[in-house]
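Here come two complexes built around chain A, the first alongside chain B, the second alongside chain C.
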Partner chain A sequence: MRSNIRFVNAFMAFYIIHTSQIGMGILGVPRIMYLESKKDAWISILISGLFVSLITWLMISILKKNEGGTLFEIHEHIFGRFIGSIFNFLIVIYFIAVHYSITISYVELSLTWGYEGVYEWVGVLALLILTIYAVSGGFRVVTGVCFLSFLLTIWLLFVVYQPLQRINLTRILPIMTTTPSEIIKGVFKSSYTMLGFETLLFIFPFIKEKNQLHLFSQIAVWFTTILVLITTVVSILFFSGKELEKNVWPVVSMISTVHFPFIERFEFVAVPLWILVIFPNLCITLYISSKGIKQIFHIKQKYGIWLISIILFICSFLITKRVDNNYFFDQVGKTGFFLWFIYPIFLYGITIIKLKINTRSRRS
Partner chain B sequence: MKKIVILLCSLLCTACMAPEKIIEMQGISTIIGFDFLDDNTFKGTISLLQFDRKEENTSVTLSAEGTTSKQIRQKLEEQTSHDITSGQLRTILFNKNMAATVGISSFLDTMQRDSSISSLIFLAITDNAEETINNTNYEEYPEMGSYIYQLLDKHEKKEMLVNSNLHDFITTLYEIGIDPTLPIINNANGVAPSIDGVALFKEDKIVGSISLINTLYIKLFTNNKAFLGDITVEIATEELEKRGMAELNLSKSDSYKITLHPIKYKGNIEIKNPEFVHLNATISVSTLEFQPSTSVKNKDSLKKMEQLIGEALNKEFRYILEELKNLNTDPIGIGRKIRSIRKYSHLTEGDLRQNYSALKIKPNIQVEIKRTGLVD
Partner chain C sequence: MTKRHNNDNLLGYEKIKSILNESPDLICRKLEVGQEGIHIIFMKNLIKPEILNEYVIKYIEELSVEYLHYTYLMKNIPIDEIKVNLEEQEIISSLLNGFAYLYFLDEKKAFIVNCANPIERSIEKAETESLVYGPKISFTESLTSNVKIIRQNLNDYNLCTDEIKIGERLQKQVRIVYIKDIANHDTLQTLKDRIKQLKMEDIIDSSVLAQCLEDKHYSLLPQFILTELPDRFIYSILNGRIGIFIDGSPVAIIGPANFFSFFESTEDIYLRWSLSTFIRLIRLFAMVGSLFLTAIYVATMTYHFELIPSKLLIIIGQSRSQIPFPPLLEALLLELLIELLREAGARLPSKVGQTMGIVGGIVIGQATVEAGLTSNILIIIVAFSALGAFSAPIYEMGTAVRIARFPIIILAGVWGLNGIIVGICILIVHLLRLTSLNKPYLAPLYPLRMKDLKYFLIRLPHHFYMRRPLVNRPKDSIRLKERLKNITDLDEF
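Here is the complex of A and B:
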């Protein structure tokens, strides 16, 4: 049997996890957070970041206790082939939904900023073909995409310098005026942006230095938290409350005040460039879901990729309105929250019970 | 397989684009003005840049009536063979009467919604937008839009204009406890339009105006990196004598006029309680001009001079504050500052407005003469 597992270095996990966390979510997160927890949105993000960091630790423990393997294999191992497959199938559906939510929100964004009148399916098809091409290359190509995307887009952070000239510090004061329940609601809402760290559960077998993985994944999730924190704080300081509640993509609106002598409207550069930011997300979600199809039905991954792509393409005719999209993203975010913030805790418990039973039966 | 994918990608990347835009076909609008007619109908006037070299004129102005700004635009399209685009739109003018009676926030909705309009676009007020745009005196610029844009841009960067672009206006309009301001453009026959003061808003309606020079006091507290224009103060000679600075008094004029150039400044709104507010500011200046010429040599008289200038500024500021309170408009953002304190963060917009008219404000501007130029 020809093994298709090829290893990558542990530090690549940083790029994989970070780039799969950052995507479309960060463009809209200041508004979504502000709607829930007002001026104290940044506290919600910090709490959320802390939570993600804990879950990451938990995931690493689960993976180590199960002696490697992806989550799909762990499911089969713990619940047996049949029930495990049902679980895996649900996860595959979740990843397809995530993939579609990223694609359609990017297409929507690019249609708003300059390509009005183009059919949604054209944009979806273009993104899909690119993604299929990258994912067909295997895990190492996907890793390469993540790495390059990080290097090519991280400089966008410095663009915030110009809006920083127009901020007003009194807008965030006084801190801690919202109720704790509102802050917790904010944590809940931030899930769509923070999600992506679950990739960790699926890349474990490909990492060469497994003991270093925890360190790099922690760096990755904290780096994401800090980026989201910076964006949110700057947006709150930059916009007045009511204005922030109105803007669908506050970050893009903020970038639209950036101008250089040679580029007057910087947002028209930033929006097409954002394709590089979402490209790793698309690759990783397609990779994971096709891997799941392979695991469930025992067919070649190639067929899984095509099957999923066709499903996604058909979807692009159905969910295209702004209102529907919003509902869809909300549902994906909620599902993601329960699946990756809550479910690992149960999985950890089940793993420990399973291990206890195993050792006892072995002893007797 | 790979080849097919690459082929497909290249087809997608090259062919599926929005219809291309040819520059000769574009009517690039640089300025748009709105006038209020009656019964919810508005008149919109735009100035288009002309790219055809055979034409004598570099610009065309068009007017149309309609009920929404996009309907006006649609009607404007009927009058020209060019495709009107708003990517280079730099200024929006509003009729003064319209801004005072109807308010302008309903027009800003479309400006925010339209992604082709930059948020750094300038807003300004004028007596009659149509006449202003149709004015043919615009110095060496190709058309009125470019001229007004340069005028406003220069004034914002180099002189005494409070920031007045779309983003600033909307942000201050939506913010609780601060009111926006916009420049007023004066249009007279036979000369190019000029800036004539700053309009004060309450919500989105004009309630009054102050002179350009006096926006200095607003800038001190709202923007910490702005450029303050030069300040001229007048000090009565008797006042100088009273303070024991008679040794300076060489000539026999009634008053001294001093022009100062601010180097650095720092403004701070200090909230003692919701009824009592200190407005503290320090300005370091260099002296540009003494009328009649004097020299301030020793430290003691310099200090007295600084005090006198500070007093003169405070006195003027007090008048302006009184006027602002009468108009019940708060461009300085005192309400915003009050609300940022935990104890008072529950105050609503209505509370703040009520509070504002009864507010006791103590201006406290201090001047520090840092340099005196080549001579002392």
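Here is the complex of A and C:
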């Protein structure tokens, strides 16, 4: 089995981790952050980034202590086949939920900007077919999608240049007007945007230069933090407080002020282009969840992909109201926070204990 | 023992005649020399009479009796190619290839000599691929002359031309051409295995062979480069690719190909670097434009009027005000017209072909606009995309782009810009999944090789190219070995 794995270069980890972090979250993050930590949202993001960076370091050590393998294998290794499978199943469900949340939030966005009246399941189906096609190509193709999507969309960052001319610097001043508890709440709320770095736990066996992986994943995590920071700060400077609280997607609204001589309303380009941004997210979540299904039930990954896709498609008929969706995203964000910000700390502890037991039993 | 073996397989005139279905071309010359005589059996139209008369018949008749036996003649007959110890099947196929069969009645032994008179045309200027600079010579239908051209231009003892025979009824000789110490061994083995495992019969031309050898048969994109230019062939071989000739086809196959190699022309090497880089980038942009421009027009006209600045919108509105069709139908109509024009132009004899230009220019260019069937702007866009598709140096790629345009236009008509982006995503995934001879198609962009990007996207001055591109995994990647001995660190190039 091992010989069939196609390796990718370590620097590809940068693209994988970065593109799986950036997605639908970044469009709405300025508002969510502003609701919690007001003008000092940027402090929350920096703290969050620092935290993510620490967790990344922890994840790398977990992976190294367990001699490679994905998290699914590590679970089976540590907890045994049965309990490990239960853990893996929960993770698979989490990733399916993430996939679903990305899909429906994009479809909702897309229907708001120019496609009123189209049924949601049409969009979901289109995205699903795309994702199935990509994921059945294997890990190499998923990595390629991450890489190319990064190349094709990173220029959107420079579009921020135009809103920059109309900012009001006083909106962010004075610094530290919020209480520490609000800032911590902001950190908690930023989790939905920052999540995605957990991909690291699942790509380890495919990386060629394993000792460079840590470096590139740190770069990726910090690059994401800086991107989120820039968008949040620019949004806070650009909108007045009340405007920001009312805008569900402040970044899109900000882009709508961008003009080019040949393009009048740029957000109608940016919203379709966002498919390219979320495409790696979809591919990676589907890939990881189908990989999990394969690990648990010992069936071919192909069947896992189809099974999950059918579940997702059936779920797409359940989309109802904005309020429900928001609640759902919140829950996914919370679960993600506990699963990937808190759980790795425990996993690290368990790994160390397990290792000590092992070495002791070997000695005796 | 050997004698009996020979006797078993020997054919007399009567037997050959019955196998060849009493062909009127089959002739048996019975020379009454020696004790019982010698039969010379051959096909009338396939041999060169001068050779047979001068070097076989005349030679035998002038020999004195003691030399008139199998062993002497076999060793001394003044003809370059003879075959002995033959199977029945081979005798017949050789006869049909223009060999003459010499049968010694008294000894019951036989051998065949080559008197073939193959039809060959002279080497001419390339027609489908044209260059401004560089050699103009092109391949011909004859395998031997094609190999001759390559050997003459590439005088290297490591140049291998391995022979594989394919087909049963329609036997074809395939030659795999590569340089032994450059070409990658695995790729070569994959190619050879694929040729040997071919299930298809009756492969007439190299383009058929190329399609049979493809990794993914359902892909729109070509996975081998087809060329009739020897200089392109040699350039590719020197860079570690593998070439294939097939008997009777003036087009050679080059593989493994990657996406960007379809946009490079050998002329890029001949022209100065600045111009070559510029042209190469223009080709890529033209391809992208050709794929998406009509689709963008359809999408904006159907769904996203807001995108267009108001001044431009007025102009477009005016030109579109009379048109009875929705944009999707309008665009498809015009695209199909252009395709029709191209196809008609290609099928017509070259003398009549010029009229097609006039018909197309006037009818499609002006009349449709004046009749209010299409807008001026769409005409410009469609013309641009037609031009863009033809700018690809390899014809196959142009056709692939032309076909790929239609689904994207339809997607744009159905879902607007979202549809176009969905199309782009499908295209990206398809390109990522595609391989050519098990080598990634999108290389060197993905898997990324920074050092190789300068070979495919741009062209720098020649002294930057001290290595062969690594995408083909050459065994020997350094170009100027002797002169570079002193330079330890090649990476600075």
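Methods note: the second predicted complex is superposed on the first by the 359 of 364 C-alpha atoms of A that agree within 3 Å, B and C clash if a C-alpha of one lies under 4 Å from a C-alpha of the other, contacts with A are read in each partner's own complex, and residues count from 1 in each chain.
One rule holds in what follows: a residue touches a chain if its C-beta (ideal position, glycine included) is under 8 Å from a C-beta of that chain, and two chains touch if they have at least 3 such contacts.
Here the structure is a predicted model, which means the values were calculated and not measured.
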Message = With both complexes overlaid on chain A, does A:I275 touch chain B (first), chain C (second), both or neither?
response = second
Task = Figure out whether A:G241 sits in contact with chain B (first) or chain C (second), or with both, or with neither.
result = first
Request  = Tell me which partner A:R265 touches in the superposition: chain B (first), chain C (second), both or neither.
outcome  = both
Ask   = Of the partners chain B and chain C, which touch A:G114 in the superposed model: first, second, both, neither?
value = both
Ask   = Once the shared chain is lined up, is A:Y133 touching chain B (first), chain C (second), both, or neither of them?
value = both
Request  = Considering only the touch criterion stated at the top, classify A:L125 as touching first (chain B), second (chain C), both, or neither.
outcome  = first
Ask   = Which parts of chain A are in contact with chain B and also with chain C?
value = 114-115, 126, 130, 133, 264-265
Task = Please give the residue numbers of chain B that touch chain A in the complex, ascending.
result = 1-2, 5-6, 8-9, 12-13, 16-18, 87, 112, 115, 118-120, 167-168, 170-172, 174-176, 225, 333, 336-337, 340-342, 345
Remark   = Listed in rising order, chain C residues that touch chain A in their complex are 303-304, 306-310, 312, 415-418, 420-422, 424-426, 428-430, 432-433, 442, 445-448
Task = Can you check the complex and tell me which residues of chain A touch chain C?
result = 8-9, 11-12, 110, 114-115, 123, 126, 130, 133-134, 137, 140-141, 144-145, 147-149, 152, 261-265, 268-269, 271-273, 275-276, 279
Query = So in the complex, which bits of chain A are touching chain B?
reply = 112-118, 122, 125-126, 129-130, 132-133, 136, 165-166, 170-171, 173-174, 177, 238-243, 246, 253, 256-257, 259, 264-265
